[in-house]
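Reading through the structure tokens given below for one structure.
A, B, C, D, E, F, G and H label the chains in the order they appear, each numbered from 1.
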Amino acid sequence: MTTTTLQEDRDDPLVIAGRTFRSRLIVGTGKYRDNETMVRAIEASGAEMVTVAVRRVDLDRTKEEGILYHLDPERVFILPNTAGCYTAEEAVRYARLARAAGLNDWVKLEVIGDQRTLLPDVAATLEAARILVAEGFKVLAYTNEDVVTALRLEDAGCAAVMPLASPIGSGLGLVNPYYIREIKRRLSVPVIVDAGVGTASDACITMEQGVDGVLMNTAIAEARDPVAMARAMRHAVVAGRLAYLAGRMPRREVAVPSSPLEGMLDAAPAGGGAGRSA
Amino acid sequence: MDNIEITLNGEPRRVARGLTVAELLAELGLNPGLVVVEHNREILERARLAETPIAAGDVLELVHFVGGG
Amino acid sequence: MTTTTLQEDRDDPLVIAGRTFRSRLIVGTGKYRDNETMVRAIEASGAEMVTVAVRRVDLDRTKEEGILYHLDPERVFILPNTAGCYTAEEAVRYARLARAAGLNDWVKLEVIGDQRTLLPDVAATLEAARILVAEGFKVLAYTNEDVVTALRLEDAGCAAVMPLASPIGSGLGLVNPYYIREIKRRLSVPVIVDAGVGTASDACITMEQGVDGVLMNTAIAEARDPVAMARAMRHAVVAGRLAYLAGRMPRREVAVPSSPLEGMLDAAPAGGGAGRSA
Amino acid sequence: MTTTTLQEDRDDPLVIAGRTFRSRLIVGTGKYRDNETMVRAIEASGAEMVTVAVRRVDLDRTKEEGILYHLDPERVFILPNTAGCYTAEEAVRYARLARAAGLNDWVKLEVIGDQRTLLPDVAATLEAARILVAEGFKVLAYTNEDVVTALRLEDAGCAAVMPLASPIGSGLGLVNPYYIREIKRRLSVPVIVDAGVGTASDACITMEQGVDGVLMNTAIAEARDPVAMARAMRHAVVAGRLAYLAGRMPRREVAVPSSPLEGMLDAAPAGGGAGRSA
Amino acid sequence: MTTTTLQEDRDDPLVIAGRTFRSRLIVGTGKYRDNETMVRAIEASGAEMVTVAVRRVDLDRTKEEGILYHLDPERVFILPNTAGCYTAEEAVRYARLARAAGLNDWVKLEVIGDQRTLLPDVAATLEAARILVAEGFKVLAYTNEDVVTALRLEDAGCAAVMPLASPIGSGLGLVNPYYIREIKRRLSVPVIVDAGVGTASDACITMEQGVDGVLMNTAIAEARDPVAMARAMRHAVVAGRLAYLAGRMPRREVAVPSSPLEGMLDAAPAGGGAGRSA
Amino acid sequence: MDNIEITLNGEPRRVARGLTVAELLAELGLNPGLVVVEHNREILERARLAETPIAAGDVLELVHFVGGG
Amino acid sequence: MDNIEITLNGEPRRVARGLTVAELLAELGLNPGLVVVEHNREILERARLAETPIAAGDVLELVHFVGGG
Amino acid sequence: MDNIEITLNGEPRRVARGLTVAELLAELGLNPGLVVVEHNREILERARLAETPIAAGDVLELVHFVGGG
């Protein structure tokens, strides 16, 4: 069996709010058929940061216990989100509750503006970001592909800006590479593409745009084999990152041989030419 | 015995008068280290769970982390 | 630094003509700026088979010596090609010379039909394949995306059929995934996509179609950093293969949340609603 | 020579703010090499509404005179824009000046948020829209592909919402059909796709999404032959609209013959089969 | 109602085998729900040439009568096809029967190589083309996207070469524009793209590649409203042709304003700046 | 009366001995101008329909144009 | 003669004291029907062009429609 | 001395009469294990290099593997 390293170390590490991550893949913990699959998929993904949601304790115990029964915050960094919030006030409330859990003061800020597309309310996101940054939170802000909004989120003090590739859970992949490249070109804080990745090549293409990382959940959780897809994503993110750093060949519409033209033998004497048939 | 009504995670619930939040968590079998308590819209620090009595009409939210993306 | 295995072993190995390969990436040896870069890139790619061309010895010693001064046939399997041949007769001649070198009786059969696109002459390729198979060669046939031709090459006894993703050296990637999927669906022998890959995501997408392997040269040799791109390609091929095996999530045009809808807190009392601004 | 009607009349007309247009193509008047070409291109496009900008009179007379020396407001409806404005206040000022010209009270509202991409400042656009609607303007608002913003512009009373296909002057075409379809699905006011169209097929694809119209300038003005491209765009918009109304066939990955399978002759007696060669 | 000419006359007409056509759209006559719809769709398409198949007369009269009861060969040129033939011999037989009908000596040569994809058997097509050309037929040969085969069909004396956009009846549109452009660039005889078009934009994009015409059947016959789609296709083909002749603007990843930068008013005195909100 | 068997469009069929192809078409109600006849794998020109008798065992194909792509 | 300085389309300019805006337009050869005047940041209706005198320090913007997208 | 002319890799070349192919390779400093010899369009097995004399007018091709895709 062949062994190698994922060589993430050949690259500068990803640094967000002063914290270093060797893996550029961040994964969610939702929608798994069972916790054991989730744990194995996270392990296979190589992710060092996972997102979690803040919800009421189920007092009837019919539903599963809290996620921290399954994840060790010492081994994987916990990034609480404000998923499901539709106002700045609501998102701020969830962020404060998350911080009160005592793990860290990071938050993946999500303020949804539309139920059908789950696209963000950018004005409310900006408002919540300002409040939370003022309260000392490390804000990683989910946003759309708009560079104007992305720049304002950076100005507001966000630790990272997280534009989507396509709507949450859609699996449509990177629909607008121009906008994502532009956001990366213009911002100084890390750009993490969040949501929309459907399969490994989507993650690879996304990283080839030069962004700092990718966050995904459904693509892994809803794959037929989540653990295998998690491993695929790990490789895909590394592949895309390395390809970006390596600098791809130019595209051409004319073919160019890979073998030398010189050094060919003298052609067969006339009269041969089997290949002329057909 | 003497009960009061509160709202717990959105549901009306009767609890013993004078019960503290810490005692409520114990009664519910919840690990205080894995739960965050919002008491009448204010976050209640863990250090103050034992010293905080529950009053009639209080609104309590007990939250924790669950799987999410 | 993080270490892991490339997990090629979790997958069935690639078997061509009874020979087993753990890596599904085959690389060319042409167009490198120097031999040392070529050797390091092949190493980084993890490829177990490399293609070489048959050319006249340069008697003036102005050009580099033979490739076997740099590659050890014990460590990497040598696949001679018939690149540059325009007739079946010519290709057969080059194949016989290659076999006379004594390494093996395999040949990557290429019969070019057009200088500008380097697209194959399918009739001449078929004719040469029949002759070489009859002479006991293991024929891996370069061809276009036509499933009719691919089926005939299989019928002719080819050990593998190698349709292109796009023209040799173009870097246009997988232009016609339908045809490639169809060829894979219809053939029993291994299908290796040969030529056209430009960057890591191209290799990943190609493998996601379910083909057995990918062969490339220019994408690595002409990258700004060939060794880094070779590593990227290694990961991309594994990622694409694993994603194919894992089974991707469905695409949807409606978003689906990753965090649970139930368990949300009671909304703020009316009058709040900061998020309503904008 | 063959003559026909463009059949725009078979379709419901486009109605914006109570005004009826038979053509669903709106064109700009900028960037033409000369006024005569502009006038002929507008004529060829069949457009019934054109956009103009508000600028200082050139007191040195070095530059061309006002556009109204070339366009007859009786024959083509003039839609003044606020191009070049970066704040709500500025845009409101330009809109008021445009209305003072006495032609109409319509305005193509543009509030730019970024100089490099010319993407809108959606918050400022929304603010300006509210002010102008309150002042009785018919506001046609240029915006990005965000459905949340589009819905708010409709709520603000805009007469039409004009999301972009891709950045102004980029010619990248319709990058995100999902978002455009979603905006059309969700809004009640007309949706006009504004900016980004590069050639006829871009306009055709855009109309096939079901939107109410397309606005373009650069694609015509910067074509090698602007008049021919204007004519092409006229046909492309009609073609896309009719195709949307006609309802396209399903896509299939398996072929389906167009000629009947029954009624074939009895095959040739065995021994024939010329086609079996190769 | 607005009237105009389709302006096909501004362009050189399409000339095949010395015969002139003003419309660059050729349509099939198969798969219509009824003959009346077929006749109206052909009328709406503006096509001057239609394809028909050769089949046994139905002696039970249960099925419809021959197509010539519905089409007047004086008004629309009849192009018989060899659809359904799998060998050169069979195709030659059908072509001869078609010519014996006495209308003309043209044939749309189709020799299928695979039932699932209906892709051509290029070797058999070439063989049949040589036989038919020798017998004085005007051969319009259906083929795949391979330029090598296309060049040989031209060498064999075909009057036109008809590569597919995608498989017959698939509606996948123009999958490989590079190959189609290359075929057009290299051949002297007319290149008609045959099969695969699914909607108007597909026809438009195809014509924008510079080919001489498009042939379709399913896209019209299977549209919800075949007559409206036929009209859409007529406009789409004209639009694509005109756009090709007009020469499109360049694509850019940076925006370029359509309105002049000079002549802006002096900005508001500091303190204003409504647009600075958000 | 006296019949012979032929193969007509792939089906066995009995027709009157001595019948010409033109007569057969008339019997079938087919317009000779819109039908092409293949007689024992040879195309039969219209001009010769009337003078061509049908013999026992003959294979006749009657074809025409139908809708196709 | 007696001049005052104003700002016209962003440039300093001297005009005769007492000149009306209508007279200025005439002097500049501009068709009042095709120009819009902003006078000290207020839009000046055409009807009032003739009755509006220009004062020292006034800021005038004369705009019209030009080609734009 | 006594020379003959042959064609070696497409170029005319004079070599000593009676020279064997093996001797020619040695003279050229080529490793026989890494070169394949085509002698008058026939492949010459390595085993026969030493026993094969070169005659006037012979056409020899000496090939090996180079980088290719």
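One rule holds in what follows: a contact is a pair of C-beta atoms (placed from the backbone, for glycine too) under 8 Å apart; a residue touches a chain by one contact, two chains touch by 3 or more.
Everything quoted here is computed from the prediction, not taken from an experiment.
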Legend entry - Chain labels contacting chain E and also chain F: D
Inset, instruction - Compare the contact pairs of E-F with those of each option in A-B, D-F or A-H, and report the one where over half match by residue number. - result: A-B
Inset, instruction - Report the inter-chain centroid distance for chain D and chain H in whole angstrom, where each centroid is the mean of the CA atoms. - result: 72
Inset, instruction - Please report how many Å separate the Cα centroid of chain B from that of chain F, as a whole number. - result: 96
Inset, instruction - Go ahead and note the Å separation of the Cα centroids belonging to chain C and chain F. - result: 58
Legend entry - Residues of chain B whose C-beta touches two or more other chains: 10, 38, 61, 63, 66-69
Inset, instruction - Could you check chain D for residues that touch two or more other chains and list them? - result: 28, 30-31, 53, 55-56, 81, 83, 116-117, 119, 121-123, 167-168, 170, 172, 178, 182, 217-218, 253, 257-260, 263, 265, 278
Legend entry - chain A partner contacts - residues on chain B that touch it in the complex: 8-11, 28, 30, 34-36, 38, 43, 45-46, 61-69
Legend entry - Touch list for chain D against partner chain F, complex: 257-260, 263, 265-266
Legend entry - Residue numbers on chain C that touch chain H, as the complex places them: 28-32, 35, 38, 51-57, 59, 64, 66-69, 78, 80-81, 83, 96-98, 100-102, 168, 195, 216-218
Legend entry - Touch list for chain E against partner chain C, complex: 113-114, 116-117, 119-123, 144-149, 151, 166-167, 172, 175-176, 178, 182, 186, 278
Legend entry - Interfacial residue positions of chain A with respect to chain C in the complex: 1-10, 22-23, 28, 30-31, 46, 53, 55-56, 58, 81, 83-94, 111, 116-119, 121-124, 127-128, 167-172, 198-201, 203-205, 208, 217-219, 221-226, 228-229, 231-236, 238-243, 245-265, 267-268, 272-278
